[in-house]
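Order of writing sets the chain letters: A, B and C. Residues in each chain are counted from 1.
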Amino acid sequence: MWDIVFMYLKAFLVGGAICTLAQVLINTTKMTSGRILVTFMLLGAVLQAFGVYELLINFAGAGATVPISGFGYLLAEGAINGAKNGLFSAITGGLKAASAGITAAVVFSFIMALIFKPKSKIN
Amino acid sequence: MKAKTKDYNEEYLNLVKRLAPRTNEPRSLFNAFIVGGFICIIGQFIRYFLMYVFGIYGDELAGATSMVLIFIGCLLTGLGVYDKIGHYAGGGSIVPITGFANSVCSPAMEFKSEGYVYGLAAKMFVVAGPIIVYGISASVATGVVYYFINLLSA
Amino acid sequence: MGKSTIFFKNKPRIISTYTIAGPKEAQANVGKFIHETLIDDRFGEDTFEKAECKMLSSCIQKAIKNSGKSLNEIDALISGDLLNQIISASFAARDYDFSYIGVYNACSTIVESMSLAGALVDGGYMKNVVVATGSHFATAERQYRYPLELGSTRPPQSQWTVTGAGAALVSTDGIFPKILSATFGKVIDFGVTDANNMGAAMAPSACETLVTLFNETKTSPSDYDLILTGDLGALGTRLLKILIEKRGYTIDNHVDCGEIVYNIKEEEYQGGSGAGCSAVVFNSYIYDKLLKGEIKKMIFMATGALLSTVSTQQGESIPGISHAVVIES
């Protein structure tokens, strides 16, 4: 029981910390959201290329997988696992591992765009 | 009168820099921390829920969790709520995978008025496209490097 | 140096105006002076672009109607907006059977149009010329920034594009506020590259045009009851005051449309902007004061930032332009 509560706490702290880091970048460099997303995705991929990011995931669970850096981790991790089975799966492994996220993003966005129109904004 | 050269003015640019209002740093950081952390708690809850209720484990669990979160992100975008969260939370709602969903879904909705092919579909990745491009490139680079490392060490 | 100011001898007059604005503007400071406020900023259309076009078109129609003139008496429409290839203005002109002159100078288009209309009417080439400009928050966001639903933060130096349109009819009849002179500005670029900080990009050109106006009309700031600028916003206004003080003028009677159009809360940051901003404020609130004689003589100077998304992406700096007219009640 307590380890579940503790897991939530770790997820909150680590996830929050990654987002705060992003906010620091936004405040200091005026980076736009596209650049922030790319930067953090690459950060996750590079850390995993050195085998570091999975340690963070083992520690914080969703705190490390939910931020976009977790997506970068999946891409790198898939490629590393694929590399064990030859050059072809080294190339395709990353996208295979990340396919759930990309598929979901495309399909759900398509459905939502069919249903909804952008709302007018007053603030 | 001779054509004038570019009248860039360093003094003026410094003045602008000095007078420009700054973001409220501590509050924006706090908001980003709280909202970002909260989204991760939801992610953790979904993980446990899928694990204990549906018995999903391993890689499948990670994929399923992000699918649920992406669905939530897209739904909130469609309902016109996510941008409000974004104004409040900044990095706290951009960086989680829901922010990725938002950056795919919002252009799709926005450009639907330009047609289903060249609008909705073609412009779906105007914001998130770079993530796919650099993500896949980085992944292939990593895979190839590991392949040769494996070859050499074998 | 060349000459920038033209003096009108036959005193072209602004004989009627009409303004339409969105729900956000309606709740703000100038809301109760705006002729028609929308509850829905789609204006019953299916896209925001069509709504912007419809706002312009109905502004033109109602400004003419308010003047008591018939559509046959109108010689030309001078109009512009912020969208690529000024589609809103051109598509609005489709609804009318008189000549259309499309112009673009970003947010300073209203004064540019007014100056040109003044020249046409003053020269006796035309009798009745309608000027109109408009902008829409949703269409400007899509073109210059991000999709509406994207959850990004607005930097604190940014401005909010006004949803609204304003039209004025320039003619010779009656006793109405008259345009005395027009000063066409130069393009000034001090090297500001931040597309979110348009006030800073426009302030140098505003300063330049004001100084030119004072020199060429041989007047000083105290000769005017009001110096009204377009959409410099709060930061741009501060910068203009600093810049113009260095040139030896103090402008205490200065008001900025962008600064007064919203009740400045945190969400709007620096205030309003857009081709509709000065058009809405001048043609409603300020025109009202001119008619009542509460303002005797004023400068109306609209400022524009001549950027495009392409130039911004390629790292170009943002040139500014300002045009001014002197108006007497």
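The rule is short, and it goes like this: a residue touches a chain if its C-beta (ideal position, glycine included) is under 8 Å from a C-beta of that chain, and two chains touch if they have at least 3 such contacts.
The structure presented is a predicted model; accordingly, all values stated were derived computationally and were not measured.
By C-beta pair count, the most extensively touching chains are A-B. Averaging Cα atoms per chain gives one point for each, and the point farthest from that of chain C is the centre of A. Centroids of chain B and chain C (each the mean of its C-alpha atoms) stand 36 Å apart. With centres defined as mean CA coordinates, chain C is found 45 Å away from chain A. One simple way to say how far apart two chains are is to compare their mean CA positions; for chain A and chain B this gives 9 Å. In chain C, the positions touching at least two other chains are 146-153, 155, 267. In chain B, the residues touching two or more other chains are 23, 28, 77-78, 80, 83, 86-87, 89-90, 94, 99, 103, 105-106, 109-110, 127.
Of all residues in chain A, those that touch two or more other chains are 26, 33, 118-119, 121, 123. The residues of chain C lying in touch with chain B in their complex are 1-2, 46-47, 49, 142, 146-157, 188-192, 197, 200, 204, 235, 238-239, 242-243, 267, 269-270, 317. In the complex of the two chains, the chain B residues touching chain C come out as 1, 6-10, 12-13, 15-16, 19-23, 28, 77-78, 80, 82-87, 89-90, 93-94, 99, 102-103, 105-107, 109-111, 113, 126-127.
Residue ranges on chain A touching chain B, taken from their complex, read 4, 7-8, 11-27, 33-34, 36-38, 40-42, 45-46, 48-49, 60-63, 65-72, 74-76, 78-80, 82-84, 86-87, 89-91, 93-95, 97-106, 108-119, 121, 123.
Taken together, the chain C residues at the contact with chain A in this complex read 22-24, 40-42, 48, 137-138, 141, 146-153, 155, 194, 196, 267-268. Listing the residues of chain B that touch chain A in their complex gives 23, 25, 28-29, 31-41, 43-48, 59, 62-67, 69-71, 74-75, 77-80, 83, 86-87, 89-92, 94-97, 99-101, 103-106, 108-110, 112, 120-121, 124, 127-128, 130-132, 134-136, 138-140, 142-147, 149-150.
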